[in-house]
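For clarity, chains are labelled A, B, C and D in written order, and residue numbers in each chain start from 1.
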């Protein structure tokens, strides 16, 4: 592609979140059990299921397993269009307590408001006072549980200096905890931790020794400089750094015409006129 | 009836276990949730449901609730004739873990091989060596759990010197534990403990202070002397002792013609010719 | 088995008390019990129910719980989530937490699993239970505020059987009332659920008293034909309230979809300037179940009932008791 | 979702190993998996499976488990019950425990609830869990024998949150294999159960690998129509073995009743003098599923299938796949 990125013209054809979705969808493979959360994380698993990995089983934390969604992208994991055509319904203890903790979930998609340099996540509040937060946000939902048990999890979120940070406002969900082998040696968590963070600029992956996040990929419309500027700690570039592939026509077709028809999730209707 | 009992002629008309069944059936009342175990304890709740307490809900530990048995007396709590016509099926955690421990079971019928003077039960083994028992018997099943949580439980068992004893060969199931208030103060068990033991001779109930079993009732075909002789500890006669009522015609009709048609449970076919 | 049917007003009046701990089933867009909370507000305003300092337990704070918070009736919340998923966060809960308006509320954060396990402990009459969640981060230390300072909540314990693994010990939650919405229940209290179970099994079992709100009352024969669909056995249920569309604007899988337009409308009108007007119409204006349905509107109801999940309820629909028969079975 | 159908012989050969911990579902008269144990015995005798020192976990030791004990393949049993309810105690288990014949076995007594909770801990990947049962009496101290002397099993702990209540800490059971019988399963491993759940949910979840024996394979569309009847989600199942009457002589609610005559016949023939002859016929004589059914006998099958519980399976029967289609779906 390029040595310096910065191909801003790409943003006339694709949105940053389309890059994030397409890149993260490629994580799905074979017959994985894939766990899907609320919001933008609903998208990549469904994209993958249509394109690369038809045999994956999608699990929603409320208890729905093996559902084929009827209609477009749902408003939540518990809507009727997800539940109308499932192979099985269990409950929160069945999905988060059993399947996930027992190592039967290969991959989980999560969202987050903040991530720290070890991939730990905050979805609870902004500010420094639990008793009077500057902004209260959603809370853990199932994220804390999924991050502990899932064989790997990936995150889709925005990239800003106060989002990818040195220290979280609230530690909701464990990634690599205090770094190094602490996730396993200190805390004994079953799952493998944070596989990648897909932001609207880049793909961050843990360094295999320090488990600190590095810039593993960048979307070609941005630059290393921009990413560093928008990161709240001194982030390094990974040894095997590469520029992320541009979404394929097929991927874009499915996102815009099948999944995110209104553009609410990826924002594509802001750059492209809907037919 | 009589001051000394010993009306042996009654045994030509009724079996000892018919006395036990009819007496223990009278424990059911109103809209109780009643828990029923394996064996002879299946009988009284069904007798009561037909005669005195039509609104009771019968619960079987495997998970069956509100069943109307199709056909005669079943061979176990998990047979199809119990499960074919139930209002609901849950599981062992639902019946023993939730309904019983949460105080939603008013009455439980149990069987036992041995009971000690505080109403604790043994259904596990005979002999003094766990590693090489003289006789292995069934084990706890759900008895241990039911005795802890049920608001009250009653026992139907045989009366012999080595059955109603000072010390159990194995402590499977708690009654009043070490006597006095120990069941509650030392062990903190939620349920009320052992309401009565219906043997083939008598009804034993706990003394309200010491919680030691006393002869509360005796079946009129026996005598206090015989009961004492067949009891493995120095059992006292309760203050309000009375002779147990003779089974009514209605009770006997239902036992012999509806529930224990073959006489396997109560043995009535050994004294009465079947029509 | 006895008849456990109850009117909505009787159920609220009998079981809700000052300082009650109320656990609600469902999920942010599904099978919640807003109608139960509306009835608390109605009786509170009418002066026939004196409640204050309620504790709410559940999967989220959405429409019903938010309005209780807005009216100042809530002291504490135990929940893993503070919103309606994609329709948005609870404007009212945010205002209470961020600004203390109309009053400061206490909030105990859980994960979905740790909430379920705490309720499971309550259901099994265990004072505490183990959990893989809740040993790391801030979830474990932010308990309900004591003297306005956070205190340690979960206790971290190493496996005494020698695996060297650590788990959290979570304290049981034992609500005074558990209230859950079901599409179908019989008069004995047997409640059938279609679709996901969420935290419902453990919420329903944890309560001292469990109340079902049912869209339809069905013949007990339906339970006998589909006994494995009964998620809530009557033996553990205190009262069944027949109330069609009681879960609205959340969905009831098998009968109607979630009304996201109304959720967004509610969120838009959640500021104090507009909330009173919203509540006048949607909480206080109606005086019967028919009037309640009129407030939702027939077109809206038809739209919501045109849903692919209705295929799941087909086997049960023939057993629905007609309204007049249900009315005759209601006490009083 | 992938096709998880497996032949009986492949499932046993792939998942059963020397010293495996095998948990079996069902209840003494219902939905046990004797066919799975028979296949272990067959492969063991044929020399194609080298197993010894198995640990059996389950609601009871009845026909299948007893024969493994009789053949000396069992080291340990964890169970709350040692018999077939009214048909009688396990003659073979009694002989092993009382006389050490054919070899001494270790036996860990549980109550039904404590067994379920230990399996729940295994299912939730918890090293231990709390329980109201198991703090009093001898159940708490008779663990699997270490150095031939009993050792403390449960640990009694007081509530650290201040209620002063005591609970037992029970160690998790994590079986290598969990095997359960279902009337219906689809090729993805979704298993439907009719009737009581026993310990099955937690047994099925506790296993590293979970194997279903199914009387009938159904179209996945049946699961999509009755998703709330699926007790075992395919996402957690490793293999599905189609084997009609696999639960015999225990029942399969919805399809056939328990064969108490045969249980009594088995108990009468459980002494070493007669057991070999029994096993020749009922374990080793047949070489196909058709021959297996012949050994039971057509009249017997008709009698057992004439059962009131069959009303429960009516909605699912139209979805049963015909035998030739199932055969075509089996790998190999």
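By definition in this document, a contact is a pair of C-beta atoms (placed from the backbone, for glycine too) under 8 Å apart; a residue touches a chain by one contact, two chains touch by 3 or more.
This is a predicted model, so every value here is computed, not measured.
Enquirer: When contacts are scored as defined above, which chain pair ends up with more C-beta pairs, A-C or A-D?
Expert: A-C
Enquirer: CA centre of subunit A versus CA centre of subunit C: separation in Å?
Expert: 30
Enquirer: As a quick test, compute the distance in whole Å between the mean CA positions of subunit B and subunit C.
Expert: Each chain reduced to its C-alpha mean, subunit B and subunit C end up 40 Å apart.
Enquirer: Could you grab the centroid distance between subunit A and subunit B? Build each centroid from C-alpha atoms only and quote it in angstrom.
Expert: 59
Enquirer: Which subunit D residues reach two or more other chains?
Expert: 124-126, 132, 165, 194-195, 227-228, 311-312
Enquirer: Could you say which residues in subunit B touch two or more other chains, in rising order?
Expert: Correct list: 85-86, 89-90, 93-94, 97, 101, 149, 190.
Enquirer: Which of line, ring, star, complete and other names the graph you get from chains that touch?
Expert: Here the contact pattern is something else, fitting no line, ring, star or complete shape.
Enquirer: Mind giving me all the chain pairs that touch?
Expert: Final set of chain pairs in contact is A-C, A-D, B-C, B-D, C-D.
Enquirer: Taking the touch rule as given, give the residues of subunit A at its contact with subunit D in the complex, in rising order.
Expert: On the subunit A side, the touching residues are 31, 33, 55, 57, 59, 65-66, 85-90, 93-94, 97-99, 101-104, 149, 190.
Enquirer: For a test of understanding, state which residues of subunit D touch subunit C in their complex under the given definition.
Expert: For this pair, the touching residues of subunit D are 121, 124-132, 155, 159-161, 163, 165, 167, 169, 171, 193-195, 225, 227-229, 231, 311-312, 315.
Enquirer: Report the residues of subunit D in contact with subunit A in the complex, numbered from low to high.
Expert: Interface residues on subunit D, with respect to subunit A: 1-2, 123-126, 186, 188, 190, 205, 220, 223-224, 227-228, 230, 233-236.
Enquirer: Would you tell me which residues of subunit B are touching subunit D in their complex?
Expert: Those in contact with subunit D are residues 38-39, 60-64, 70-71, 75-81, 83-86, 89-94, 96-97, 101, 120, 124, 130-145, 148-149, 170-174, 177, 187-190, 264.
Enquirer: Using the touch rule from the top, collect the residues of subunit C that touch subunit A in their complex.
Expert: 27-30, 79-87, 89, 93-94, 97-98, 100, 109-114, 116-117, 120, 132-139, 142, 145, 148, 150, 164-166, 194-202, 251, 253, 256-258, 260, 307-309, 311-312
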